[in-house]
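Below are the structure tokens for one structure; questions will follow.
Note that the chains take the letters A, B, C and D in the order they are written out, and that residue 1 is the start of every chain.
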Amino acid sequence: MANDKQQLRLGMIGTGFMGRAHSNAWRKVSNFFDLEYEPVLQAVCARTEDAVKAFASQWGYASHETDWRKLIERDDIDAVDVCTPNDTHKEIALAAAAAGKMILCEKPLARTAAEGAEMVQAIEKAGVPNMVWYNYRRVPAVTLAKQIIDSGKLGRIYHYRANFLQDWTISADLPQGGAGLWRLDVGAAGSGVTGDLLAHCIDTAIWLNGGIQKVTAMTETFVKERHHNLTGKVEPVGIDDACAFLCRFSNGSLGIFESTRYARGHKALYTFEINGEHASIAWDLHDLHRLSFFDHSDDSLTRGWRSIHVTDGDMPYMDKWWVPGLQIGYEHSFVHQVADFLEGIAKGEPVGPTFRDAQETQEICEAVLASGKDGSWHAVQNRV
Amino acid sequence: MANDKQQLRLGMIGTGFMGRAHSNAWRKVSNFFDLEYEPVLQAVCARTEDAVKAFASQWGYASHETDWRKLIERDDIDAVDVCTPNDTHKEIALAAAAAGKMILCEKPLARTAAEGAEMVQAIEKAGVPNMVWYNYRRVPAVTLAKQIIDSGKLGRIYHYRANFLQDWTISADLPQGGAGLWRLDVGAAGSGVTGDLLAHCIDTAIWLNGGIQKVTAMTETFVKERHHNLTGKVEPVGIDDACAFLCRFSNGSLGIFESTRYARGHKALYTFEINGEHASIAWDLHDLHRLSFFDHSDDSLTRGWRSIHVTDGDMPYMDKWWVPGLQIGYEHSFVHQVADFLEGIAKGEPVGPTFRDAQETQEICEAVLASGKDGSWHAVQNRV
Amino acid sequence: MANDKQQLRLGMIGTGFMGRAHSNAWRKVSNFFDLEYEPVLQAVCARTEDAVKAFASQWGYASHETDWRKLIERDDIDAVDVCTPNDTHKEIALAAAAAGKMILCEKPLARTAAEGAEMVQAIEKAGVPNMVWYNYRRVPAVTLAKQIIDSGKLGRIYHYRANFLQDWTISADLPQGGAGLWRLDVGAAGSGVTGDLLAHCIDTAIWLNGGIQKVTAMTETFVKERHHNLTGKVEPVGIDDACAFLCRFSNGSLGIFESTRYARGHKALYTFEINGEHASIAWDLHDLHRLSFFDHSDDSLTRGWRSIHVTDGDMPYMDKWWVPGLQIGYEHSFVHQVADFLEGIAKGEPVGPTFRDAQETQEICEAVLASGKDGSWHAVQNRV
Amino acid sequence: MANDKQQLRLGMIGTGFMGRAHSNAWRKVSNFFDLEYEPVLQAVCARTEDAVKAFASQWGYASHETDWRKLIERDDIDAVDVCTPNDTHKEIALAAAAAGKMILCEKPLARTAAEGAEMVQAIEKAGVPNMVWYNYRRVPAVTLAKQIIDSGKLGRIYHYRANFLQDWTISADLPQGGAGLWRLDVGAAGSGVTGDLLAHCIDTAIWLNGGIQKVTAMTETFVKERHHNLTGKVEPVGIDDACAFLCRFSNGSLGIFESTRYARGHKALYTFEINGEHASIAWDLHDLHRLSFFDHSDDSLTRGWRSIHVTDGDMPYMDKWWVPGLQIGYEHSFVHQVADFLEGIAKGEPVGPTFRDAQETQEICEAVLASGKDGSWHAVQNRV
């Protein structure tokens, strides 16, 4: 590629599902967005030499490492993208901050609010650009929801509800721990659906509807023991298989959230709905290119929920892609996030969700998990 | 019941599916509509004494007959409702007209356009109120479609498309002829899906979009022979199992129609869509309480197909029923038709579809069937 | 009407929305169901002479009363149907029980669990047939859900979720109290959405998924004061405008329920979904003739949520109505309930939901409202 | 990138909408598919130097040309991808064939069946690998439809129906001719919706359901004159704005096809449905990641249309992308086509649709357009 553009030399840590999703975004962004900064896939890091080499070759990384500390130390790396399991986020982020690198961290920010607070402090002290990959903000339909809400069309908000329903851990034969399954291992993940799925719902919610003041929750672990791939033994399951909570937003609206990996028939059904005085909005991830919208100010005889096919050129991000009617998919939300991050660097402005924004979600998760344990309402704390 | 109302003494001929649907409508209309005329279920007629007696008891008819000529001759009958197979419509209608009775005839008006023409002439000569049971005009969502179109919201019309898809005759073991199966017997029915199903589509179409000038059609009989219940022998099948046609409306729009009883998975999927310069409308019978509407004049960012849940009190007929959100069903279209007919009598005004209106549909069916045979475009005739 | 049937002479108390819905059901049931008992619309009662007279005439009641005590005392009344506001249920039910009448009571059973307990005791002491009008059990799609669950197809149940969303009280100009608006008056209604809407969700839930052990709830009154039609003054609003709760079922599954009258765009959107180990089921009232079903045992390549159009003759109750593809509506659930009640009398068997069944819902509502006040988990009590 | 892979050096001609869609596919395929051949973006060609240079830079082409003949002559080009308007396809393809290059041609193959026949003959004489970009075959849901049909699940086929509905040319102010608008210019495009949209429907149809024997069609040009961007004058419009046709397939099934650019509310609504004896299938492009499937062999109580969310790893192509529930979009169909083409080269096998396959579509379009003119049934010809 070109030219007169500034380069942002990327160091990727992690080559799993997220390593692939992010690599695709970094690699593709310049084909579709005309930006001052152009990412360069400088290095990728994973523990196994052969595997990381193959990954580097497949995705066009110029080099590879097997020790993330080495990657962080390299002078030819401007930004570090953390795509490793949750239990490594803090250590990597702190090291990267100390090295003065820009940091992009996969969500959730950390396993606990305490870890997250430490990370926010470190990164803010270092003063480096930072972002957390709550990618759903940048699905065009979700971004459009934000625009509609910000325009005031909904008026006073009464209700916010969100679900994230999956069904992939129903079988008791599924082990926990290790590659692909660390999300069931509380040591690696910190929590179950709360940190993995509700965190997405919460990030979107506070972006669209403002802060949450207090929560009451119910959690459950349906399968109490699973074979652990790392220890080779049957071990207690420490994560929450399911979690639901009620909450109060600062704007006076009521929230209701639920997530589970035991909802047969749903693979990744993230849905939200927001009801305002004048209008309502709904969205779901299984048909992510559509937004549902109800406007009470429509003529009463032709009033109804509108199914907006978010593919026109005047919709968020959509002028970069194809033509009206032709949908984009999951991966594009990452491309949009990269594009916005690069634009933020060019402008010298932070781009949300920053580590600080993500810490707000972390605090809410912490309150939810605590309430799940003691059954009482918990106020959301603010450690930073 | 009451009171100060005028009575319309009804004589029902036929006790099959339509006999039940109409009886329910006549019996129920006064509970929900406040009308000058109140129907009285005076007599019902069918050939088998025991069966018609039981039907009269079940539905509250004051008396019964086994010979329709006797019913027509009775002085205490004001209106005759013809719910018998198609091959009897003409004879009964002509007799009823001669006797000066009001006549309501189940659709299609007749087996052929020639029969229909004779009926129109007879009834207009007699000058009696008359109506044909193309009931779908009075599904509230369809009536609302008519209101929207008449308001001009669609602008110039470009396209009209309609389907009526069923799957109940796929099995070659299904016999033809006799009770419940006369619709497969060309002698009794006149035609297959054209007269039974496309006739509905056409009636709605000409009501919503005006006349049809010419057609070209394709017809097919998939199962060529079936056991005949009346002859006891395997007989050739004379009806059209499937029929599709293209047409030109007088307003310049293009039409495309299809019906079949071989569309696996569809029970009674009558759908139509109309595309205008500024807006479009769509409806289907499987969710008859909804109307889809697209308005291009909506703000581009929130534009989408609206799903109108036609249950509010300001929607056609819906102030008579329940409360918003609570749907009505198939049978209510007949109640609405009875209500409108009774109101028409009170006002002394004809209520569509009249015999003359239904004859227009008959002529189109005739042209369609002729084109199905010779493969050429046929102009729609006008015998009356 | 006939014949050799036994008569059940009905006394209806109340002529509002429910008085109409029930009258339609009583009047219509014999046309469609062949039952040993035939209802006779013997008398209707309401306070205003002219109005009740007109109602009697419109619906074919043989007589009318303006004092419900008189109606209950009449020897020619076998069963009393209570369609009055909630604050009158107890007094009428107790009087009817004392008079040895069968009693059908509109839901919720009472304003409070204490009232309900008294009613259950009275009616069980009297030993009269009794039923509460939680009509949604008998929407064919819901009855089908019950059949599917009882067949064991779902396996172990993990999740139950239900919503009942409306938007008709958003305007602060809407008054409370009196005809049509007593549901906003805590004195007449006992509670807001909890008794009116969540009670429906709970009745279905315990029928489909068994008992609820404990709950935690959040309630809100968005509009704090409204003009009161009876006092003529602006009065505090005592009802819950919105209520959400989390719960534990006895079978170990997790429940999440929400109801509001502030969900713009939803008129009467009652939805439920139940997730089992092997299959899931979902339903909503806005398209009540459909049931969604997901069966994980389907071949993986063609597995998906099925939209069952519940209109075939082998579906619950549907052999009584029309033909496949032709939908019924809201009112038919009441006809089914009447039919089942009459069949229960013939067999000498109770038909659910009985007063005792409805009291279980009452106890859950009581726990929900208490939790809404103090924010803690409440065990469900059992006063009877 | 790598390595031990063989290179396929690509020369792209055209930098419009399709130039972008194809470039993305060529560039991305090796990240997701592990193939013997790896494409190298060697050169891109367009008439304007500055523009083609920028395009090359944006997409990573190693070089550029402004004369397509030069590109074809280059020794370092193995395959030519033709993304130019239809009127240039033949000339370029013939030149590329003469130069012994592999050829990939954007659809439709040509403006007329005669042009297409010449191209097929040239390319088959040259014996070079060739393919036409009817990309919708490789939307995973469509490929899955093919698998289901080929498995025999549908049994005898009765009906095939397809629509391609757009609304982007309704305004009479839209000019014809030149960049982005050559599809309205009959000289450049050959025809209107028939070659542009129905060609897609036909390609899918003959792939899924076999050959078409004869057709009867109706065409219309709603806006008769438009400003021409190249001549600067108002010129007659020569294309078909809308076209509908009926047809007979070789397998005895009936077909009905319609396309228009005047269906308000539809952007690119390509839909098809196929009804068989035992099962039916439906799909639409606006939700391309779903397939609808009805299986009559399901238990009658739980039978319904299934909405298959085609995102699981065992679905066609989906093991290459993300995880269940996360959808892909329009662009991925092109990636799949590239992957299959490269695999075909490795195996030495042709990959459909070849030029010969695409010529079958061309012949059907020719018959359709001829019938649209004279109103009679036309047998489909076979010039090669």
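As a convention for this text, a residue touches a chain if its C-beta (ideal position, glycine included) is under 8 Å from a C-beta of that chain, and two chains touch if they have at least 3 such contacts.
For clarity, every value in this text was computed on a predicted model and none was experimentally measured.
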| item | value |
| --- | --- |
| Chain pair with more C-beta contacts, C-D versus A-C | A-C |
| Most remote chain, CA-based centroid, reference being chain C | D |
| Chain A-chain C separation of Cα centroids, rounded to whole Å | 42 |
| Chain centre separation in whole Å, for chain D relative to chain C (CA means) | 55 |
| Per-residue multi-chain contacts in chain A, two or more chains | 266, 290, 305, 309, 312 |
| Chain C residues touching chain A - in the complex, by the definition given at the top | 154, 158-159, 161, 165, 167, 170, 216-218, 220, 222, 242, 244-246, 248, 254, 256, 258, 260, 262-266, 275-280, 294, 296, 305, 375-377 |
| Residue numbers on chain D that touch chain C, as the complex places them | 144, 147-148, 153, 290-291, 293, 295, 298, 300-309, 312, 314-315 |
| Contacting residues of chain D [partner chain A, same complex] | 1-3, 17, 21, 23-24, 27-28, 30-31, 34, 57-60, 166, 168, 266-269, 285-290, 309, 311-312, 321-332 |
